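Paired with chain B in one complex and with chain C in the other, chain A is shared by the two complexes that follow.
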Partner chain A sequence: MTLQAQASSSSFAVGIPSFTSPLGGSRHRLVVRAKVEPSDKSVEIMRKFSEQYARKSGTYFCVDKGVTSVVIKGLADHKDSLGAPLCPCRHYDDKPAEAGQGFWNCPCVPMRERKECHCMLFLTPDNDFAGKEQTISLEEIRESTANM
Partner chain B sequence: MAVSISTSTIPSLNSGCSNRLAAPSSSSSSLQFPLRVPQVRIGTTGVCSPSRPRVLLVKAAKQTFSSFDDLLANTDKPVLVDFYATWCGPCQFMAPVLSEVSARLKDKIQVVKIDTEKYPSIADKYRIEALPTFIMFKDGEPYDRFEGALTADQLIQRIENSLKVKQ
Partner chain C sequence: MALLQIHSPPPSTTILPPILSFHSPPPLHSSIPYSNLKYHQQNSLHFTSSTTKNTPFSLSTLPRKLLCQPPRGKYVREDYLVKKLSAEEVQELVKGERSVPLIIDFYATWCGPCILMAQELEMLAVEYENNALIVKVDTDDEYEFSRDMQVRGLPTLFFISPDPSKDAIRTEGLIPIQMMRDIIDNEM
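Now for the complex of A and B:
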């Protein structure tokens, strides 16, 4: 799956150092990235969790493993920044408060109670987007998110 | 009569801020930050089809407005807004879908994406919760709203039904 990088994401978060010569002579090439990648450790933790929980709940990953990969990274990112894997497919007023409260920590209450996962991470077999797999390798995650 | 919406009909550049934002290595951009007026950089997915030459991609797709309200006020087509987040799986799934839909419906709607983590106040204003959330705006007002990922055909169906009802 090709994930299109949002070019706009690079425009605000990182300033280009002001000593960069306007003549371009000593311009060094910065890789400007607005977002930080989650830690490898957290990604691995959330990858294992996702596999276990899919098995346990009888759900399957999306036919498009890119979706699965992005969500796993999103969970890892929140685990790094908030200490808990807050659902990456929601907008929140106050993320730390939400992470502390727990309703939306993965596996969230809607998933635990009704197997509803709008992140498309855990899909019931009847779902149009459900694939047949309950496993995903680190390699798959890396490859499908390489161009983000 | 139908007027094709080229970039020239939309005041695409805020004064003094022009294409700098589109040229990441330009040193002049560093001198202008932070700006007094909050700059809302909104990526549109006008003609983002990968088969197009890069120059068209940048020119047609990215425009800068001084605010989201400014964008809504200055677009006479209905606007489909995609509220997304970087690490939201279904949102990323929708990226190529939106490119396709935007190309297929280019005379009917304008497609705009808003990163809810960069622009939380806009997301708060429209009470965005689940991502992705799509809101159709006409004359600056929201008139249809739905959540979740769809295929291109489903999305086109939904948009066309919406536009029909509004007439």
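Now for the complex of A and C:
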């Protein structure tokens, strides 16, 4: 309890996203910012989802697993803060509304319809950046994003 | 086939010349391969492409699956050429007089292609030295500014010429470094 209270007032909490209120303006909207690391549980969930969806869709991860790792962490971060894995490679006017609406929830509509993933998470075999793997370990994710 | 579109300036306090969306030619099988281009009919026209690139960051001698070093948390430290700026600083830069093109990179922390783009821009900064000014803006920090600039897909680049009569050029997605060079050399 104490830890949570401390965490919410500082930006150095680990595993707990911090929320900032809007800075002035007439819109009273909760502004959600990515400030801290996503929780391990969410990263594991998104990792498993990514592997499973890559298999199901016949797509592959990037040759540079650093890109895959960063995107998985971004999805985990949005899952923690918004409850849904909103695409981390877009900017939104209203994140909670977008998460509720669902177009950009991973797997997003462009991916589901046309196998287009501009995050470079799921790459079709003809893509020059596509590797040969549909798996990524937690260790690889941790290693690639250790310095972020 | 290039497609240029003029956008009316965003209704905001930011001061920018009218913006052109820049489209690259359709995918070609060449020494610099392009992946599929796509086209979203949303608020603005944009494209996404990706390509291979050579990175100078291959320091480890151990066999690794990574093409380049893992992203470093201290990417804003002083010895990086591409500086992270606040919205006010960027607006000052745009309003002020410049003799070189200005390139603004809008990115987010957990956007994978933004990391690749940042590395390309560092290389470009080394190449162009004082002949181009490259800066970056974190869209999570500068939320209102990014909204005013109608940033949607990430990464988004704005190329702003020192000549105020020339339109700014905007690109979305990871673009090849050669395309960036072409825009700077030919359009600015």
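In the analysis below, the second predicted complex is superposed on the first by the 114 of 148 C-alpha atoms of A that agree within 3 Å, B and C clash if a C-alpha of one lies under 4 Å from a C-alpha of the other, contacts with A are read in each partner's own complex, and residues count from 1 in each chain.
Here, a residue touches a chain if its C-beta (ideal position, glycine included) is under 8 Å from a C-beta of that chain, and two chains touch if they have at least 3 such contacts.
All of these numbers come straight from a predicted model, not from anything done at the bench.
Visitor: So in the superposed three-chain picture, is A:D77 touching just chain B, just chain C, both, or none of them (first/second/both/neither)?
Guide: Both partners, chain B and chain C.
Visitor: Tell me the contact category for A:G66 with respect to chain B and chain C: first, second, both or neither.
Guide: both
Visitor: Using the superposition on chain A described above, determine whether A:P88 touches chain B (first), chain C (second), both, or neither.
Guide: Once the two structures are laid over each other on A, A:P88 reaches both partners.
Visitor: Touching A:E116, do we find chain B (first), chain C (second), both, or neither?
Guide: The answer is second: A:E116 touches chain C but not chain B.
Visitor: For A:S57 in the superposed arrangement: first (chain B), second (chain C), both or neither?
Guide: In the superposition, A:S57 touches no partner, neither chain B nor chain C.
Visitor: On chain A, which stretch or stretches are contacted by chain B in one complex as well as by chain C in the other?
Guide: Dual-contact residues (chain A): 34-35, 62, 64, 66-71, 73-74, 77, 88-91, 93, 118-121, 129, 148.
Visitor: List the residues on chain A that touch chain C in their complex, please.
Guide: Within the complex, chain A touches chain C at residues 23, 25, 31, 33-35, 62-71, 73-75, 77, 88-91, 93, 110, 114, 116, 118-121, 124, 126-129, 140, 143-148.
Visitor: Spell out the part of chain C that touches chain A in their complex, as residue ranges.
Guide: That would be residues 33-36, 38, 40, 48, 50-52, 65-68, 70-74, 106, 108-116, 139-141, 143-144, 146-147, 151-154, 156, 173-174 of chain C.
Visitor: Would you tell me which residues of chain A are touching chain B in their complex?
Guide: 1-4, 6-12, 15-18, 20-22, 27, 29-30, 32, 34-35, 62, 64, 66-71, 73-74, 77, 88-91, 93, 118-121, 129, 148
Visitor: Give the list of chain B residues in touch with chain A in this complex.
Guide: Those in contact with chain A are residues 21, 24-31, 33, 39, 41-43, 48, 50, 58, 62, 83, 85-93, 95-96, 99, 113, 115-116, 118, 120, 123-124, 128-131, 147-149.
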